[in-house]
Every structure is written in C-alpha cells, then in structure tokens.
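Please find one structure pasted underneath; my questions will follow.
Per-chain numbering from 1; labels A, B, C and D assigned in written order.
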Amino acid sequence: MIDRVLNVGLIGAGRIGRLHAQHLARRIPRARLAAVADVVLASAMACASEYSAPNAVDDYRRLLEDPAVEAVVVCSATDTHSQIVADAAAAGKHVFCEKPIDLTLERTDATLAGVHQAGVTLQIGFNRRFDANYRRARAAITNAEVGTVWRLHIVSRDPSPPPIEYIRTSGGMFVDMTIHDFDMARFLIGAEVEEVFATARVMVDSAIGTAGDVDTAVTVLRFANGVIGTIDNSRSAAYGYDQRVEIFGSGGMVATSNNYESTAVISDRDSVHRDLPLNFFMQRYTDSYIAEMSAFVDCVLDGGTPPVTGEDGRAALVLGLAAQRSARENRPVRVLSSNA
Amino acid sequence: MIDRVLNVGLIGAGRIGRLHAQHLARRIPRARLAAVADVVLASAMACASEYSAPNAVDDYRRLLEDPAVEAVVVCSATDTHSQIVADAAAAGKHVFCEKPIDLTLERTDATLAGVHQAGVTLQIGFNRRFDANYRRARAAITNAEVGTVWRLHIVSRDPSPPPIEYIRTSGGMFVDMTIHDFDMARFLIGAEVEEVFATARVMVDSAIGTAGDVDTAVTVLRFANGVIGTIDNSRSAAYGYDQRVEIFGSGGMVATSNNYESTAVISDRDSVHRDLPLNFFMQRYTDSYIAEMSAFVDCVLDGGTPPVTGEDGRAALVLGLAAQRSARENRPVRVLSSNA
Amino acid sequence: MIDRVLNVGLIGAGRIGRLHAQHLARRIPRARLAAVADVVLASAMACASEYSAPNAVDDYRRLLEDPAVEAVVVCSATDTHSQIVADAAAAGKHVFCEKPIDLTLERTDATLAGVHQAGVTLQIGFNRRFDANYRRARAAITNAEVGTVWRLHIVSRDPSPPPIEYIRTSGGMFVDMTIHDFDMARFLIGAEVEEVFATARVMVDSAIGTAGDVDTAVTVLRFANGVIGTIDNSRSAAYGYDQRVEIFGSGGMVATSNNYESTAVISDRDSVHRDLPLNFFMQRYTDSYIAEMSAFVDCVLDGGTPPVTGEDGRAALVLGLAAQRSARENRPVRVLSSNA
Amino acid sequence: MIDRVLNVGLIGAGRIGRLHAQHLARRIPRARLAAVADVVLASAMACASEYSAPNAVDDYRRLLEDPAVEAVVVCSATDTHSQIVADAAAAGKHVFCEKPIDLTLERTDATLAGVHQAGVTLQIGFNRRFDANYRRARAAITNAEVGTVWRLHIVSRDPSPPPIEYIRTSGGMFVDMTIHDFDMARFLIGAEVEEVFATARVMVDSAIGTAGDVDTAVTVLRFANGVIGTIDNSRSAAYGYDQRVEIFGSGGMVATSNNYESTAVISDRDSVHRDLPLNFFMQRYTDSYIAEMSAFVDCVLDGGTPPVTGEDGRAALVLGLAAQRSARENRPVRVLSSNA
C-alpha cells in the first residue's frame, strides 16, 4: 500500500540527474519529484517541466530551504558532493548521493560526521548492487549454492574512455571507475579487504597517460576471510560494456554474463553470431537505477539502514586509494581498516 | 517532442486492463488515462484511483459519451469485444482491442465493417510483435540475413493450463492460444497462409478433453510464398513459459530463446544450471505491452496505419478456425483468403 | 579383457567403407580387418594396404568364401545391399550393413527372411543412435528426467545437396535422408509410429525438382503412445550440418545442439560470434561410427541382439515410403505396422 | 603419404605412459611402439603386450642400447627425467619428455646443454598447446581478430587435489600445476614475462598446508609487450576440471569454455541444466595428447624445430619458481630472462 509519498528534490540535472528525475516521477509510486536545482537554470527548468516538478531553481540552497522537500538526490559535479551533502544534512534532508562523496578521505570523513550528527539517512549511488545478475550471484553465496567462497573475479570494462578533460579531474581510474568494482567486491563477498595489489598500464590511449592516468588495470584483493579477489578493468572494449562476475568456492561457481537487447542468434555462411551486448550503462543498468532509488525512498519512509551507506562509500574510496598507491609503488598495500 | 497527449479510456479493469492502465498512466508520455469502466464499479474505481484517472464508471457506454475520451482500450470479456468495439467506433473513438475481436468470422466481419465506416483507428492486441526477440528475428528476414526464407518454427507453450471454466468458453486452443502464433507467423513471414494441417491431442489433463478441447498440438502452415511453417503448442510446460522461434532460409538461420531474470549460471557438484526462464506472460512481455500501446497512441496522434490492424486480427482467426477443422477432420484445410 | 578378436571383411571400399576400415583396424581392439573387397580392385588393394588387411579382392563372393572372415561390413552401392547381405548370410557370415537394406519393402523382407534363416547377426548402420547427444536425450527419457513424453522435434539439415545423379537413384529424400530421422524418432521415443503426414517442396535447387525429388520437408508423426513428432529436413544449410533434437514432456524438456570444433567465442566490434559447427557428417559423427561398429563386434563375439536390427532398418523404410506417399497425396497416411 | 615410420621406445609405463603407448601404437600412423621400459618389469610387459611392442625391459638403459629405437618418450617419475633425458640424448635418441625436465634450474640447464651437444630433438609435453580451444584462441590473436592484446586471463582448476604424498614431492603448486598455465600464457601471448606477482592460500585442505604447499592461487604476469596476465588456480573444483582462457585486446575478446560429453540441456521444474564438463584430464585432453605426439613424430621424421622446445620447458619453470618466491615474499618478482 502506498501510505504516503516522499517529496524529493533533485540537485544536478545532468544526464544521470535526469535519469533519476524520470524514475522519481514515473517509476517509483512512493516518490514525487518536488523540485529541481541546477547551476544552469534552464536545465533545471527543462527537467522540472518534463517530469512535472513544481519548482526549479539554480541555487541548491534555495531547494534545501523548501520545507516541502524531504529528501534530495545529489547528482552535481563530484567536487561539489561533500559540500552539498553536508548542507543538505544540516538542513535535515535525507540524502541520496551519487558516488563518490569526495575524492579525499578527509572530506569524506568530515561529510559523514555531519550526516551522522544530523541523523538523516544517507545512501550512496552504487546502483550495480541492485542489478539482477549481481543480486543472483550474491544470493548464490548467501544460499550456500557455492559453498565457502575462495575466489572472486570481476570484469568491468567500459565501451570507451571518457573525454581527457574528464579524466584529468576524475581522481584516476581506481577511484573513478574501479570504485564501483570495489563496492561490488565488498557487497558480494560480505567481508572487508585487508590488502590490495594493483598493476596498471596505458594501453588504450597514450593521451590518458599524458593526463596522468592509466586505462588498463588488474587489482588483486585479499579479503579478511581468505577470499582472493581480482578485478579486470579497461577503459575501452570494442564490443561494448562488459560487466561480469565469477565467484568460486568449495561447492562450485556462479558466473554472470552480459545482457543483450534480444536473444536472437544468427547462423550464416560465416559464423554463429548475436548482436553486441547492451552498450550503454544507462541501458544496461536501468532496472538497478530504479531499484536503488526505490530502496532509498522505502528506507526514508519506513526507516532502517539504507542498503548502501556512507561507510560503504568510504570503504570503496579507501580501496581505490590503496590500489592507486599499490600500482604506483608496485607493491601490495595493506588496508588499515576499510570500514572504520 | 510531446506535442499533445491522447486521452484514453479503459474498458475492463481486470488483470490485463490494469496492466494497460499502468502503462498509459506512467510509461507512455503521450497518453493520459482519462477514465476507467468496469462492470464491477469497485474495480473501475480502484483502478482509476491507483493510476490517477479522473473518472470511473460501471457502464462503458457512459465512458463512450465522455467527450474527453478520444480513444478506448478494450479489455473486457471476449464475448463483449465485438459489441463494445462497434459502439466505440460509432461514438467516434479510436480503439485498441485485446484479441480476439470475436470467436466467429461473421461478427468479426460485421465489427470491422462498422469500424471502417466510422473511419476510426483500430489496433488489435497482438503484443508479441513488439517483443525484442521477435522484432530481431523479423529484422533478420528484412535485412536479408537469412536469405530466402524456407522454414518457420514457432514454439509456444504456456506454463500451465487455464481453469477448465475458461477453456469451456475459450473457443478452443487454436483460436484462444495458437491465434497468437498465427499472427506471429504472418508477421514474421510477411505472407499469407494457403493451407493448414493440424494434429492435436489431450496429453496434459484429461479434464481438458472432457471440456471438448485439446492441450497439445502441432500445426503445419503452407505459405503462399512457399515457406513451410510449424507451430508447437502445449498448455503446460514444467519449466515455465516457453516462447521461441526459428527461421531458416537460403542464407542461414535466426533463432531466439527464452528470457531470464538474470544471466547467472551456477556450476556445482551435480550440474551446470541456471534459474528457470521468466514464467509469467506479463513479466515476459512487459516491454512489448508498453511498445504496442505506445505505437497505438502514436498512430492515433500522428496518423497512419496501426501496426496490427483489424484485418490482422481477422486473418489469425481464419487460421485458427482452419486449424481447428483440420485437427477435427485429420486433413489439410485450404485457407481461401486469410486476409480478404 | 580382449579374449579373442573378430575377423571382419569389408565389402565396398568407398568413402564410408574406408572409414569403417580405419576403425576396424585401429580403433576397435576386438576387431581385425581381414579382407577388403571392391569392384575396383585397386581401391580394395589401396584400402587393404593402408589398414594392413592381408587380403584384397574385386569379387565379394571370393571374400565370402574365405573361412578366416567371420563377419562382413557392407558399404557397397545401395542397390547391391540386398544381394550381398543375402549371400553373406547364406555363407554364414555375420553382417553389418549400411542403410538401407533396399529401397523396396519386398526385397527388404526377402533379405531379412534369408538372414533369419541363416541365423546370423545383422546390424544396420544407423550410426546416429550412438552419438553422445542423442544417447543423452534418450537417457533423459529413460531416466524420467522429462516425464511422460508429449513431443519430439528433430532438425536434420545437410550442408549441401548431393549431386543430381545421386538424387536420381536415391529413392527420394524421405527414404534417402529422412530415413535416419525416422530411425532416430523410433529410437528416442521407443514406440512405433501409427500415422505420417508430410509436406515437401523444392526450395534449394530447382534441378532437384526436375530430377523428381524434393529438398525441403516437414514430417509429422503420430506415435502409438500419443507422442507427436515433427521432422524438419533440408538438403542445404548455409551454416553447415544441422543436427538437433528436442523432446518435451510432462516433466520438462531435453534439447541438444550442434557440435563445434572449439568452444571459442569472439566478441568484436560487430558481433559476438563463434565458428560454424562441424560441417561434415564423418567429422560430426566419428565417435558414433566407432561406437556402432564396436557394438557390432561385441554383439557377434558375446552374443545378443544387435542394437540396430534388420527390423529397425525395415521400420524406417516403411516410414519413409509412407511420408513419400503422404507428401504426394497431401494427406495423412496410416502406417499399418512399422515393425511387423 | 606415410614414407617411413618412427620407432619409439616408451620409458615409464604408468598412467600417462600407457596413454602415449596407445596413441603411438594406434593413432599415429607414422609411429611404431618399439619397446617399453619400466622399473616394474611386469608393467613394461603388460603395456608392451597390450600395444604390440616387441620388447619390454626394466632398465631404460637397455632400451637406449637398442639400435631399433630411434626416439624415446619419457614418462617416468619426475626426479628421473633429467638423468634419462641426458642418457637418451647421449645415446643419440630423440626425446619427448613429460614436463618438467627437472624441478631445479641447474639440472634443467645441464640437461638442455647435453641435448644441445647431442644434436637430438627434444620436445616437452605441454600438451594443452594442441587443444582445439587454445589453438583457436591463439589463432584469434595471430589472425588479428582481437587486435593488440591487452589482457590474458587463464582459469585452471583441477577437479580434486592429488594425494598428499604426491604434493610433498611435487615441488609445489606453482611448478607442478601452474607450470602448464605459464606455458599456455607464453604460447598464447607469444612474448616473455618480465615480472610475476603471486598470492596463494590454503583453502581446499589444511593438510596441503601442513605439507608445505598451497592450493589456491592468483598469479599476475607482466609481459614484455605490455600484456597483463592473470592465472586463477585451484586444486579443487566441485564441478570438475575447469580449463578456460580469455584474451582481451583493442579489437575485442576471445573466450573459451569447458568441454562437455554432450550438448544436451534439460529444462525441468527446478532449473535449466546440463551435465558437468569433462572431468578427467585424459578425457578432456585426449586429442591434444595425440596431436602433440604426432607433431613430435613429424618433427623427428621431417626435421625442424619441435613445437614445444626444451627452452619452453625451462621458461615455464623459471616462471613457476618466480611465482613461488613472489607468493612467499609477498612482492612482485622480476624475471631476469625467462627464455635465455
């Protein structure tokens, strides 16, 4: 039963912001899009108009002053996240924040402290946890279908690299891209990582190297419970978005593969083939975006701990920074406490 | 651009009606659910309330009198379809009608004549045409990926039989269930069927036989363009909803398989296995239901021939009746003109 | 333990004959290739030399006179089978005969009578029964993994048609090609067919039609135990040899797919693809050829009924002739007794 | 044409020795099994009898004295390999030696020096290079189907651990088991490894740890050409022998999967499943054992470099020792020259 509806304000009406706006307006019956803020007022207004939000502003602080807004979804530029989350918490708003909270541990910790003090709910946007493939893989562990887990292997390759300008301010591949996989690793295994070894190279585009980043990496994780994890990352995959996981244990293995637009397989004179997998993260993960936001709304309305906490966001960042250091220094790096 | 929105009235707020109501209210930006009619007023009101329709009535004729209603979606009991479609057309409403228009050719023809005279748009609810698997299979033909088509094989098995009371008034498996496959066959091959041979048996449940129907059938189609088609039907499949197609021609083959909730494959001590395919037609065909209704709305707003016409509905019925006769008389039955 | 070895003479050193020679000489420890007969003496000698047979003749009757030869493998031209089998049986030799015994029921029956009178073992070369895929499908039935069987669907397509000269004397597609599938149907279902309906066309090559044959056919089988079978045949498949089966019953379904040279799947900018399946029947069915001959040798040495009897050969011919008639007369044809 | 036949002596008639004996006697037309040596004379005699070798001895030196023996296949205990290879080379015999030549680099080098001095052919038994899956993966690289290679991932898991007594003298998992994968990595990538990082644990059986070994490992390889490789090893897999590879590059990906006894897939009330993959290395790799030995015979008879040289054997050992050290010291280990 839809007892009551949560009024949600959107901060940042870019690509991912508009996606959340659409879901809040149309796909999540318990939510209502109450306002949109964007530094470009025209963007805020266009988004508000398309998804029937009654209010559009250019300064998010005016949105936070609106008593009708009970919760906010933060989709602004990464370097504004920590300030906005802190302000929203101080204003007593519940917060859904796209990853990461911040690229530094210091500001992340300060932000989390503010959230804690305010007592509001904070959920981080690691949407992949809500994907049907990964949920089924996780269930295979919790249902003991694969016994004691020994190995985790994550493949996470983007179709093509982001613009060089983006890469320059991204914080580096390990905290920008692999961070999703660190969260996935923690989600799937349900334990903390103690040590990280990463090796990385520039293979896709030398301009990425010039910008100070890498584009191809392997990260080895040693979990506290003995599991050995590996993450295979690339900024480019000719065949599209490649998102898979394999978990192996004493009782067997669960492996997921990519998602496709259709199941059609064509056999002709040359080969037996099918069309490429879903290529774009918004298409691949549509359902998980809806599910994460729906979970946030439920959590605010019904109470309880959000499925992805601020501490989860912090733990993934810790691993990203450790991997970065490991790759730079070519040695295993201990993770003091990824969840403290 | 969403220039303007089509106001749609729903007639029949049962299971499939509520599905269409949800899509009209939330998933199709160019549509608005304007009213709901159901012989059980409480059902109409509950549906109208859940999907924010401003009007709920028990008599569909009052809905037809509403000038705000521009088009209707007919989801009432099958034996009321022809009357309602005729009334709606006479009232100048465009009509989306769930299959079949009627179980008899006579009333079907009379209804189509009324629609034609009124000049309104009529679309029949053969939603499977909009499914991504079948669209890709059709595209493999139109893109010449399989050359000249020689063979079509459709597998269409339900998870479990409907209640015996339903079967008694269903018109029989060939016009109730196989009718979807006849339409699929015509859609995929893009040609008319000249001759039908069907063989059928009661294998699933002897009560179905007692009710005068069959539950297992094979139908052979000879198309005007030489293609030989086969349809494999069962009212029951232990592993769930089984919906596949294989098209074979001079250049190769396209084959579709079932859809699954996730791609996870588990290997354990006993087998390499995955969970069962999507089991329920509403889950399996959600996207195709949205797409067919969206196409209807576009067609009414923008003009043009609907993707599934009343004549398509008639042609599938003609094949169903021919198959029924063939199975009964155990001989091939010529189809005089399935699209005349 | 290899107690003793069976001395086998080969009659007909063509393509399939040389394959059997190789298996007898090298792959079946309990067999020894004792002699080779071929109307072309040079062929007999070349084969004998390659596979170390001590004797090569041009007249099979001289091979039958050789007391060292205990059993013969008949791989000569189809129209010589019945005479050679009769002569071999009269000479007290056990016989493995490639399908068919003869294209007419009369001569088949006469030959079987001779074999019966002589009391020798006769096995027919329906090698596909020994293929791992079909054996597993059969086991799914006998192990009750699919419950009571309701449906059988066989796909059997050749990579390309035989020469027109071959087609002219082949007896027609139903007795030349489909005969393998009739045997497979009887093997898998373990019951007899009561009625056959076949529809056939010339789609691949009009020259086949000019030669009086068809190249594309669908055959519907009604088994005594209620199972409905369908056989999908084509003389040509762009992607190669297509040999599959699907069995569906109250408990589920077993389906086999084609065999491949390797499991490698390549994902590139255009598609996710793999190489074509094994294209040539000798490559696809190597193991089944070895297994059938090994079973024959065991049967002669150890006693017992051969796994494919002369009556099995006859039953498949009966179905082929019935299908031929059904296609010609466009009506279902009763099969009086396919195994009498 | 089989111009002439190579007379081969087998040294060591254990499990793998008998497999080679069978292939030499029956599957490789250009070879003849001329003699068998085994420290247990009864084993030598049984093997010679079964595969029709004219000579059986208990002291391999007597076999080396036999002028009829042109080449030897060394399948004795690992710690005897280097001495036997050296003796065979000194006696002018060509040598096929099961991996490894020796567990130490010193003795390996000494043995290779002796082989070099004698000028005989030496091939090492890395049979997996001849497997159809891996050959196809290699071809995808050489045919530029995957572009410039960036990543290699090898999964290599045994069905169950060997006996503890075996493990004690095996040299450790990296040189006993992973050595196959090091060779596979070099074969597939066609470049040398510069640095190795390995992490290993005892997960399967604590007795393996007590015996001083590990049973679960991940090895990261940095190749000279920039490729990053990962090897995933386990001594135990509940579902059987797991042997796969994935190669990823600028143009796409090639991935192989496991081999199965049949293609049958069963859908029932619980799942869609197939039987476990081929479980035993002799069954999984039968064809590759034949192909490697056939290549050895061709190489001796026709001249040329063997497809797997002594230097290949040495290079894999170097990587095994480096991985061992890396795992022990928890740091990346440079490989000075894996092919010097």
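The criterion applied here is as follows: a residue touches a chain if its C-beta (ideal position, glycine included) is under 8 Å from a C-beta of that chain, and two chains touch if they have at least 3 such contacts.
In this text the structure is predicted, and so the values were computed from the model without any measurement.
J.: Going by the touch criterion stated earlier, list every chain that contacts chain B and also contacts chain D.
T.: Both chain B and chain D are touched by A, C, going by the contact rule given at the top.
J.: What's the farthest chain from chain B if centres are computed as the mean of the Cα atoms?
T.: D
J.: CA centre of chain A versus CA centre of chain D: separation in Å?
T.: 43
J.: Distance-wise, how many Å sit between the C-alpha centres of chain A and chain C, to the nearest whole number?
T.: Measuring from centre to centre gives 58 Å for this pair.
J.: Please work out the Cα centroid separation of chain A and chain B, and write it as a whole number of Å.
T.: 39
J.: Residues touching two or more other chains, restricted to chain C: which are they?
T.: Answer for chain C, listing residues that touch two or more other chains: 238-239, 251-253, 267-269, 275.
J.: Can you name the residues of chain B that touch chain D in the complex?
T.: Counting only chain B, the residues touching chain D are 238-239, 267-277.
J.: Which residues of chain B touch chain A once you look at their complex with the stated criterion?
T.: Touching chain A from chain B are residues 26-27, 132-133, 135-137, 140, 145-146, 251-259, 261-269, 275.
J.: Along chain D, where are the residues that touch chain A in the complex?
T.: 147-148, 150-151, 153, 157, 197, 199, 201, 203-204, 216-218, 220, 222, 226, 228, 230, 232, 234, 236-239, 242, 248, 250-253, 330-332
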